[in-house]
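Per-chain numbering from 1; labels A, B, C, D, E, F, G and H assigned in written order.
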Amino acid sequence: MTEFRLDWERAGRTGTSEAVLCEPKSAAQIDAIVGHATGLGRRLLLTRLGARKFSRLSLPARDALDYDAGTRTAILGGLPEVRGTGRVAIVCGGTSDLPVAREAARTLAFAGEAATLVADVGIAGLWRLMERIDDIRRHRVVIAVAGMEGALFSVLAGLVPCAMIAVPTSVGYGVAEGGRTALHAALASCASGLAVVNIDNGFGAAHAALRILMGTPAADERPAGASPFNSRSRR
Amino acid sequence: MTEFRLDWERAGRTGTSEAVLCEPKSAAQIDAIVGHATGLGRRLLLTRLGARKFSRLSLPARDALDYDAGTRTAILGGLPEVRGTGRVAIVCGGTSDLPVAREAARTLAFAGEAATLVADVGIAGLWRLMERIDDIRRHRVVIAVAGMEGALFSVLAGLVPCAMIAVPTSVGYGVAEGGRTALHAALASCASGLAVVNIDNGFGAAHAALRILMGTPAADERPAGASPFNSRSRR
Amino acid sequence: MTEFRLDWERAGRTGTSEAVLCEPKSAAQIDAIVGHATGLGRRLLLTRLGARKFSRLSLPARDALDYDAGTRTAILGGLPEVRGTGRVAIVCGGTSDLPVAREAARTLAFAGEAATLVADVGIAGLWRLMERIDDIRRHRVVIAVAGMEGALFSVLAGLVPCAMIAVPTSVGYGVAEGGRTALHAALASCASGLAVVNIDNGFGAAHAALRILMGTPAADERPAGASPFNSRSRR
Amino acid sequence: MTEFRLDWERAGRTGTSEAVLCEPKSAAQIDAIVGHATGLGRRLLLTRLGARKFSRLSLPARDALDYDAGTRTAILGGLPEVRGTGRVAIVCGGTSDLPVAREAARTLAFAGEAATLVADVGIAGLWRLMERIDDIRRHRVVIAVAGMEGALFSVLAGLVPCAMIAVPTSVGYGVAEGGRTALHAALASCASGLAVVNIDNGFGAAHAALRILMGTPAADERPAGASPFNSRSRR
Amino acid sequence: MTEFRLDWERAGRTGTSEAVLCEPKSAAQIDAIVGHATGLGRRLLLTRLGARKFSRLSLPARDALDYDAGTRTAILGGLPEVRGTGRVAIVCGGTSDLPVAREAARTLAFAGEAATLVADVGIAGLWRLMERIDDIRRHRVVIAVAGMEGALFSVLAGLVPCAMIAVPTSVGYGVAEGGRTALHAALASCASGLAVVNIDNGFGAAHAALRILMGTPAADERPAGASPFNSRSRR
Amino acid sequence: MTEFRLDWERAGRTGTSEAVLCEPKSAAQIDAIVGHATGLGRRLLLTRLGARKFSRLSLPARDALDYDAGTRTAILGGLPEVRGTGRVAIVCGGTSDLPVAREAARTLAFAGEAATLVADVGIAGLWRLMERIDDIRRHRVVIAVAGMEGALFSVLAGLVPCAMIAVPTSVGYGVAEGGRTALHAALASCASGLAVVNIDNGFGAAHAALRILMGTPAADERPAGASPFNSRSRR
Amino acid sequence: MTEFRLDWERAGRTGTSEAVLCEPKSAAQIDAIVGHATGLGRRLLLTRLGARKFSRLSLPARDALDYDAGTRTAILGGLPEVRGTGRVAIVCGGTSDLPVAREAARTLAFAGEAATLVADVGIAGLWRLMERIDDIRRHRVVIAVAGMEGALFSVLAGLVPCAMIAVPTSVGYGVAEGGRTALHAALASCASGLAVVNIDNGFGAAHAALRILMGTPAADERPAGASPFNSRSRR
Amino acid sequence: MTEFRLDWERAGRTGTSEAVLCEPKSAAQIDAIVGHATGLGRRLLLTRLGARKFSRLSLPARDALDYDAGTRTAILGGLPEVRGTGRVAIVCGGTSDLPVAREAARTLAFAGEAATLVADVGIAGLWRLMERIDDIRRHRVVIAVAGMEGALFSVLAGLVPCAMIAVPTSVGYGVAEGGRTALHAALASCASGLAVVNIDNGFGAAHAALRILMGTPAADERPAGASPFNSRSRR
């Protein structure tokens, strides 16, 4: 019996291709999957592949993979041409949230989408975010990455009109340990229209962004200069 | 001192206008807000306004509001022209989830966006969803509404390429009581690219959809016939 | 056997006088306490006294009390001269948080301390807070009151140098229900030096503020020979 | 004093024999139990025996045991003739769930029951499950093994008439960490008639299947005069 | 749009027919469902229909239903001939657990299966269970119903060889409030082979029993060519 | 079938007689139990019998019972002679904890044991406890009753040599709501030798005290040849 | 500044002497405490002292201590004469619970109290407990030690009249992980009069037993004029 | 892109300077931050820097830092003159709480504030606290540090009039594991006016104390024209 059956048709169905979550898999299982995909000439993204487990993979697998220890991701088959640019901003509360932010960036790159990374704009020093806010507003999708109390999500959602995806991280201690506080803060935000993914799930946020970007509105379906709401005062 | 300061500029900043969450407010506070908005000639959406509290509002407020008991929403100033159509599908696991689904629909209508409501396609009888899946796939954004174990979220996300927003509901008992199980199922879904809002938050899901729809990609920025992924087989 | 023993010496020991938490007490118990204090000519603050329970008190008790239904507080013996002014600001995220904010204000008033109430400056519309921030900074203690995701706590703590006390409220639904999300957000704030009290505990925040304002009490303000184990039995 | 008393009569009473849960036991305790069973010529199943602890057992114990590191199980006294076949299917959501699925298979094998293992049919790619569904339906008992959001349980229960046992696994991260989300999803399933065992409890699922398969045991299969308080000492 | 789509084919697919969970539905929704089923001449089981909500149903619906307030169940279309007898025992820890036990019995009766009810054999007085244990052992499936600490589940599973389904109930207070303690006790039982359903889910336990009793259905009992994606549209 | 089987032999086996927990039982069930006990001429203690439910009992039941609304207890058959005196002290943190404290006292009285009630000695005013500490120390068992943060348990356990039983109460709000904080404080106390019962379980604390006081029963007090599994042979 | 102040007078006040909880302390801190006690010629019990940390203690400390790795306890100054015998039984559900049971036994021995250890009488094989029940009943205090679902607590409490102390252990996995399930089962037991200590707290159970056994101390055993707040005047 | 942007202006805005939380940062990130600050000639406090991670820093970083393994803090640029003295007392329940207490002390020292450390005054031996209470009362701010059940917080708050900050620690096991019990005890305290920080957050308690001590800053101590949105870009 084979232990795995990859869902190569997923991109056609859902717009996002299957990836391999390595954390709960054995090195032998990952080796087999990489070998199988190599045989088929398929590209593949591997996530949550720790450095120790990577070092236990077979030599051919290690050679075939473009591995990045910081984000614990590996790519088989290289990156495609960058197709989209300037459409996704990844906004990151603190230095400690960067590995998750970069997992999102790398997942986007695997799909040919470039992203603008805006780092260390935690709201304890609000001026840092304010200096970048006009730049952030120009993007179509904003992925916000923050741990601890996750106040960045609400502040940002109150300032930009973009589609917003919040990625709570497990950065924090005490009541913030494990990321539940940031997750709940994102879900309970007083700023509306914020959509949320699982804790530390930079990969999932990137896939949500790809679903949003793909869409298919014809240009004439979009109201010119449109705001969905009537409003006299504008900023 | 005034007790409230409405953020009329919000739509300009964020693309979604402020609404009034009525559950934790007193009837006197709601009366004052409705009176204030009426005086300014502003439209306003009120959510989570129970029938009992609505009946305690002043007569002028009740007269001015278009109230819907099922969704506990009220609208001041009427609905705008329908601007968008066929862009949002609201897919609903069970009959019991309909109030939340309709809160989303009404919030969209307040912003001039029509929605297709697909009801009672819970996955215990998968054929019901399968009969509607081709129709659902045609929309740009899918809002999925489900309680209990929330398996609908994963099944649907595995079948459509649309931007997807999951709204877990508090429908259920025992371990499902309060909606945490459905919420966690949406966040932990094995199908990627699913974005999630708070339990029973049909309003927030609609606002997330509006942010997505507003976007602003020029036609030439979108890949023709595009899937972000290379894929030979298609379905 | 008497059912209660009031700790009249508490103010001498701790700088804050005893109050009566009415929620878990029967109307008969409250009646007895009010009668006892009246007999001694003592002032008394009662908290969490719902309108229904107040209406079940004896007529003399109701007559003796200055009752406020909004904050569920009652005061026996009237308010003192205002001693301090402009030292405490109470900053309130939303209209729904006002009852808790006002419980704090009334507790301060019972101790002769006036407070500046800054209402409805939720951070979803950050400009509202910014308009008031210079005024807020002038106070020595800031009591911040917010529910839902409690992002106000962090934003405010990053902007003012005052002693800060966060009061999370139970305003919210879904994951915010009951106030745990706001509480955890306050505790896990990335902005440091924020001190926190229990959910909906406006009373406790006011007492914390009084302790801060008192500083080291002058000798003549303290009861002579005040020992923590005051009175008859001594060690 | 002896540290353990094995319940050799359990199979007579309950249809399933006692097994040794090794995780919380010391190597010395396991050694003693294996030695004791060897002396009596009894067969024995050991579960949750990690590779490191196995390596610390005495040489005779290690020699006597048929150890499988993947499932962390060891068998003393070999496997019996296969008695049943084609009666149990073990259906497994992802590659990562295989160790738990195989613990169930090995527990069944210890009791002489063969099982069909259907691997990697996670519902994110529903076609994988559909290809196997007719085969699965032919079994009398289906053990479903899945982690993360556990949507497989509901989908499968809606498609087959078999007795169904759900085994949630601890595969997942963030809100899925530890397996509670999959557990609650199984318990709260909208598809009825699903019975659930503890997280990662492949062993327990196999025993539940054995109880189902046994049905009412024929009189001659039960120990004569079997009383729940069997054996030597009686009351 | 219709608000509901009943899954009449479910019994063919899964061996257990659809039922209507009334708690989260409005009286109007239930009225419509009952009317629809009556029109089709279908039998229907309704669960968690409180007396107050039943009294708010339309007169025709109330007339058509056989309502039982104690179990909060209603049956449309009467009971079938009793098909099975003496195959299921329902064993109940305390008097307070009887409503849940009887919901299970009534669900079985709806499917033509009689059950033996063994009441008030809580293990604080173990002799009560011992007096009945030989009778219980004769059944093929035992449904055990208990709240508080749920010790009955383990004691019983250690004494009988039957297929066992535990139904934890919400009977209890303090740490037992809501039924989590009994649920966890059932899942963590030291007696193996116990399968568990959601808290207070007598209905689900009955369905699990029906799946067990059905075993592999004879070919002529299954709808010809039954496919899980039955009917008109296919993919 | 009878719905209940009272365990009249319990006192012989365990030293504490069975009581009827009324909260989860219907008025009809309680009526039947009271009638049954009356018929047998047995004394009976009923707990958690709210005033509303008591008022729904049959007239004969109400007449037969000595009901106390404050503690929600009822006694059938009157109180025995006081056997023990001065052996148990019940120490109560606040006025709000009195109903639980008195449930313990009444349970003791039902068994012929008098108790000293020491009320309102919460540790926020430590001198109140200090005034009574020498008296408390003279008792053999101390039942401490406290809600909120339960600091009384630790302070008291550090001051007296008596057997100590902590009863956490559900008095409190915010994080103290429901009594978990007081419960955990009792269990995690830095003062050792404290034993704990369920939240609000004054009844259980009294029974624990009775077990302690009984000590090893004299031979003539125990039934000859008493076996725990003996219903026919009776004491 | 000294880092610790041992409470040598505790035994006089509370009947149980202070012990040193080593888990959260550094090796240097433990060394200092042992040295200090050695200098004073005091006996001392150390708990939760892991083998690794013990090995990091200074040589004199290691030499002075009687260390037992299984229970992670160490004793300074040797054991006293056995004072009591046959008064405490320690009843243990499974082999895995033995370390906690033995921590209790060793704590009792430190106080001169012998205990009867009854091991591996888990209720999945009830006959094992029944064989020992008459012996267990003869003791004055029973300490019951069990993990997983903790059903032993209820079964035992229903069978013996002794003072009973339940020690839930962290033995188990899935929902039983960490011991909360066993703890809640003990607290919510349907068998009354059971008192409970913290998870894995064999030490605390022993101290609770010692308080029970001591009963009211004879006058000459208590320090004359002992006041709890007296450090200078010493017993 | 730079990974970090230090908020050097924070002290001007909030009275407390930024610090570097090292736990979730990589050694490379910390190296870069230290290098950057060194280049600017800035002082810097680093917290939660474990000994192992410190040893992985670059040699120049290690040389530049004044590292203290016990508190896991490091200071760059030395300590300032002591400005305040005798204004803050740090009161510590047990020896195990000392690392957190000293993190607070070192954070205060970094800001030029001396603190009085009162160690090992846990309330199980109340006399230890009583010996020091008069000294403690003389301070303006009391930081109380305690784990387990946190009863110290309430006892102390009932005895002193100072501003009080509670720091719950993660010292404890079973239900106290992780510090939630101590945290909730502090928040739910029956002694009013207690303000609380996150678990193990000695750093945050020190910052809260500094905010309290600062009071309203003199105009010349604040940066001229300081606006929270300082600097270049504004909206």
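The criterion applied here is as follows: a residue touches a chain if its C-beta (ideal position, glycine included) is under 8 Å from a C-beta of that chain, and two chains touch if they have at least 3 such contacts.
Since the model is a prediction, treat every value here as computed from it, not as a measurement.
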{"item": "Touching chain C and also chain G, the following chains", "value": "F, H"}
{"item": "Chain whose Cα centroid lies at the greatest distance from that of chain G", "value": "B"}
{"item": "Chain whose mean Cα position lies farthest from chain E", "value": "H"}
{"item": "Inter-centroid spacing, chain F versus chain C (mean Cα positions, whole Å)", "value": "36"}
{"item": "Inter-centroid spacing, chain G versus chain F (mean Cα positions, whole Å)", "value": "26"}
{"item": "Where chain D touches two or more other chains, by residue", "value": "10, 124-125, 157-159, 172, 174-176, 180, 183, 187-188, 191-192, 198-199, 228, 235"}
{"item": "Interface residues, chain A side, partner chain B - complex", "value": "8-17, 19, 43, 80, 83-84, 87, 111-113, 140-141, 157-165, 183, 187-188, 191-199, 203-204, 207-208, 210-219, 221-223, 226-231, 233-235"}
{"item": "Chain H residues touching chain A - in the complex, by the definition given at the top", "value": "1-5, 7, 9-10, 18, 21, 23-26, 29, 33, 48, 170, 178-180, 183, 198-201, 228-235"}
{"item": "Touching residues (chain side chain A, partner chain H) in the complex", "value": "70, 95-96, 98, 117, 119-121, 124-128, 130-131, 133-134, 147, 171-177, 235"}
{"item": "Interfacial residue positions of chain C with respect to chain A in the complex", "value": "93-94, 122-126, 148-151, 153-155, 157-159, 172, 174-176, 180-192"}
